[in-house]
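After this come two complexes, each holding chain A, first together with chain B and then together with chain C.
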Partner chain A sequence: MRTHHGLYYDSRIKLLLILLTSALAFALGGGLTGLLLFGVVCLFSFLSGLWKTSIKFLTAYIALLMLAQILPIHLSSVITFFLLRILTIALALNILFQTTEIAELIASLQVSHIPQAIVIPIAIILRFLPSLKQDAIYIKQGMKTRGVGLSFWRVLSHPAQTYEGFLIPILMRLLMTATELSASAETRGISYPCKKTHYILVDFRLRDGLLLIGMLALFAVVIWTSFQPISLF
Partner chain B sequence: MQNENKKGFQVRDLIVTALLSVCALVIYILCAFLSFSPYTMLVVSPLWALLAAITYFLVAAKTKKPWALFIFCAVTGIYGFYPPMIICCIIAGIISALIAWKTGCTNGKTLTISYIIYMVLAAFSGTYIPFLFFSKQTLEQYAGMFGESYLGILQTLVSPITAIIMLIVVGLCAFIGAIIAKKLLKKHFQKAGMV
Partner chain C sequence: MKKQIPIISFEHTSFQYEGQIQENLRDVNLTIKSGEFLVITGQSGCGKTTLTRCINNLIPRFFEGVLSGEVIVSGRSIKESDAGEAGKEIASIFQDPRSQFFTTNSSSEVAFACENYGIPHEEIVKRVDRAFQSLDMENLKDRDIFTLSSGERQKIAFLAATTLNPQIYVLDEPSANLDIHAILQMRKILSALKAAGHTIIVSEHRLFYLYGLADRFLIMKEGRICEELTGEEMAKLSASQMRSRRLRPLNLNTIQIEKIEPIGHSEVFLQIKNMSFSHKAMPELLHSISIEAHKGETIALVGENGCGKTTFGKILSGLIRCRQGGFFIDGKNVKQRKLSDYVYFVMQEADHQLYTDSVTEELRLGNKKIPGIDEKVSRILKMLHLENFKDCHPYALSGGQKQRLTIGAAMLSEKPIIVLDEPTSGLDWNNMYAVANAVNFLRKSGKVVFIITHDLEFISLTASRTLLLKEGIIKDDLQMTGKSTFKIVKDFMMKGGE
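And now, the complex of A and B:
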């Protein structure tokens, strides 16, 4: 079990937080709505005890928001449309990654009677995302060692070589990861047709229920704000 | 059809499909950074069709299961959290699975056709449907997000004719992407014995 000093709550709430954040981040407008959405996620991050991560993300968000005000519209649109929204989603993902074991998440989803065909991809996607980032760093370093750096000009001047040199090792690594993960899962009897038991006991307590209601109310406020003619700057 | 994997549901196939879907989504997110100007925004879908082909073909080659193609299309659609895109990607997934079920997952020609259908439907629902059917609301939203100058250029660019031309371009890019993907599969994965 990971040790963290914040409030312990059901991993399904964290998953719902990610789903709602990703859905609303791109469906609703930016500006005040985006800031409020980030505020809700940040609040849950603080509640989960991720003080350092929350402060880092908050600083980055404010810095980017300020930068968007002084840059030309084409550059500021990249910040407001993508970077700020991706930052919000990344913080929501961080809450799940840093405070939840994948086994706990799988147990929660299986207790909720969600089919295995949905549980496995969710667990795999969440487990693999941090590894993908790490693999990309290693491949980038490997390419640099072989004189095929991954700079902006290199991508523009040799797009095919960069695409092949970067993507193929990622895919190779990915297929190896898939083989390792499936072997590990099969060894633990994932395919065996029986009722699964878990080391981690999952129960949805009153505290989780109250937190869920609070979260939904906050998201309702964010949605309501997006329909109001209020401007941030 | 001789090399088709006749085994039923296998966890390994599900894991491979999920991981390759993540890879396709990451490629899409990277392509989507080009939305900083109205001109480059039109390039997002064709570029994704060109670059993500390898992931689609790898799903078919590695799992050899039609349902894996359906899951791949559905997962990439669901990530958009946009109802028309989810519906179109699920339809594309059903079409891809039916084609693969009928002709086999190792048939390059039919896989190319199903990939083109998938990409055209994804582009149609994700990028062009908002402008064709909800143009007023979409343009207002873009004005709020990017400013009036962005909207001005966008209004001159967006029309049903542009949308049709762009869908043809997406189809062509998907075709080229499929050719590149097949060559890369042969060059790297088949020689290494990974598929």
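And now, the complex of A and C:
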């Protein structure tokens, strides 16, 4: 059941958006180009109906950008070279995670003849994140009740201990979930050698085509600006 | 005479997992007939899960190890097959943890196996529709898996299994995370599958829902089948005969309540006033709850999966903030962010609460300033039968041992209030009994203990008082003084509070 009310479009476009964004965010310069790149991603986020998330990201981006103007150079460069770019990629990932059902993504990738060896890992990553997030919350609560919570001062005074205390349970849970999930998928024929069929039919419609062309055009503009001698501030 | 055909046979089967020092199955001989309903039970680590993994062919390809002897399922040796090949004939259903679901939508999940075996689209749509209709669960169609309760998720697992109409169903502790009402609903599904002639194999600790359903029970010990009883023979065993076999009861009516008297602190120690809670953009989960509690009480909190028991416990422990509510401990008003100084929360999954590299260190963590800590640690290790494992890594322990260790940490904590979230889910009788003893120790040492649980036997051994939670309010608050109150609790749990 879809809980968001945005434009519905092919999940392959979302994947392409992630690929292009992550490649360009670090390959191209920051400044105006970075801002435009973020703008493109943000536009798609709004189109997908993720109003709240988009506004949150937009606010964070602008706040960081302003902060970078007043902070000394070594701090502001962390923001412009790292944080802003990560934020852009995170927003692109977020579109896929929040608006795509796993079955739909698997179907669309299989239809495009992407090998199973690539489809399955992508599906699993998408499947894992919600459980990972849940585990992280529980572990944080568990540490708090043990009196070794992840408070600011504690992390600062016992970094190794808190790191170990948090990471080991997360990894153990991850291993366990991975084993159970794959055992369950095996018994239901995930690696059975035959042509896979689909419950949800995906087809690349005219709307998807137009959206794709629009997206590529916007990316072309972003790339073009990076070769122009325009500076933002 | 379909019933006479053997569909599964084990011949001198032994199996040892890779990297393990002991065999998990030892010289097992077993024949299962077509249409039979078989239950495998026994203590944790007895080999019952391993047996189910042989039947669904996860052994020997997925779980690797040394397999000797022979296992034939539907005419094929498991040495020449794999889980994917066998999956057309054999459906596997596991414990509820969300990890048995591959997709995030209930309809897609039900369709998943069909897609993998290449059934045409139109046929998949038909089968998915039929599955939801046949078990009268159309309200579960096209839902986000993460918003379903454990009981509903387990139903989806059954629906997903039925779409291929397999001959054999293999279930590994399917009831572990369900409330009694949901388990009884699962029983109905099993009953229908049995009536349709399917062969069903269940590995399980909790036996009550299999009463009158199972044709045969196998009791396993240390990798061997040590006793074999028909359903009728099993039903005739007395409560003490079940206990001497270390088995959970087959009939809930045989559970007798122990006399659990509160320790007689008369003054109110904990007071909660008008606690309300709702998740973001969701209807109210807890509605203006007020209770008072005394030292030396063990208060059981019961209600269906998803009714807000855990949320209640976490708010009380200061792990989640609630919108409104007052908390008074020992006469003092305590702010929500200070609650975690007074209340200790034992998580349901022990894995979420073990942070160090040895059992001893685990108990010392956060408690190093307590005077005489080393003696206390060794006393608790002894009490919980963990002294032989004191230098082990916590993650090398078995499930029951891990659970006891997290409770040990709670016993050492100096916080006066302890909340335990489903401390016996998935535990065998021995471990359940050990946990019950630990909880009784906490009560006797003058703490206020809350247990969130679906385990009637555990309640009978520990609770001095029970709160029945339904639709966000406390429907009833009962002192567990005798048979009549215990029956009210039992009926409430079986009917899901209707």
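Just so we're on the same page, the second predicted complex is superposed on the first by the 210 of 233 C-alpha atoms of A that agree within 3 Å, B and C clash if a C-alpha of one lies under 4 Å from a C-alpha of the other, contacts with A are read in each partner's own complex, and residues count from 1 in each chain.
The rule we apply is simple: contacts are C-beta pairs under 8 Å (C-beta built on N, C-alpha and C of every residue); 3 or more make two chains touch, one makes a residue touch a chain.
Bear in mind that the values here come from a model prediction, so they are computed numbers and not experimental data.
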*Which partner does A:181 contact after superposing on A: first (chain B), second (chain C), both, neither?*
both
_Under the stated touch criterion, which partner chain does A:172 make contact with: chain B (first), chain C (second), both, or neither?_
both
*Of the two partner chains, chain B (first) and chain C (second), which one does A:130 touch, if any: first, second, both, or neither?*
second
*If you stack the two complexes on chain A, which partner ends up touching A:117: first (chain B), second (chain C), both, or neither?*
first
*Using the superposition on chain A described above, determine whether A:190 touches chain B (first), chain C (second), both, or neither.*
both
*Tell me which partner A:75 touches in the superposition: chain B (first), chain C (second), both or neither.*
first
*Look at A:200 in the shared chain and tell me whether it touches chain B only, chain C only, both, or neither; answer first, second, both or neither.*
second
*Touching A:210 in the superposition: chain B (first), chain C (second), both, neither?*
neither
*asked:* Looking at A:67 after the superposition, I want to know if it touches chain B, chain C, both of them or none. Which is it: first, second, both, neither?
replied: neither
*Those residues of chain A which chain B touches in one complex and chain C touches in the other*: 164, 168, 172, 177, 181-182, 185-186, 190-191
*Okay, in this complex, where on chain C does chain A touch?*
56-58, 62-63, 82-88, 90-92, 94, 97-105, 107-108, 111-121, 124-125, 128, 142-144, 146, 160, 314, 317-320, 340, 343-345, 347, 349, 351-357, 365-367, 395, 409, 413
*Could you pull out which chain B residues touch chain A in their complex?*
9-12, 14-23, 26, 29, 32-33, 35-37, 51, 54-55, 58, 62, 71, 75, 79, 81-82, 141, 144-147, 149-150, 184, 188-189, 192, 194
_Quick check on the complex: what are the chain A residues that touch chain B?_
22-23, 26-27, 29-31, 73-75, 77-78, 80-82, 86, 117, 120-121, 124-125, 128-129, 132, 163-164, 167-168, 170-172, 174-175, 177-179, 181-182, 185-186, 190-191
*Please give the residue numbers of chain A that touch chain C in the complex, ascending.*
1, 3, 101-104, 123, 127, 130-131, 135, 138-139, 141-149, 164-166, 168-169, 172-173, 176-177, 180-192, 194-201
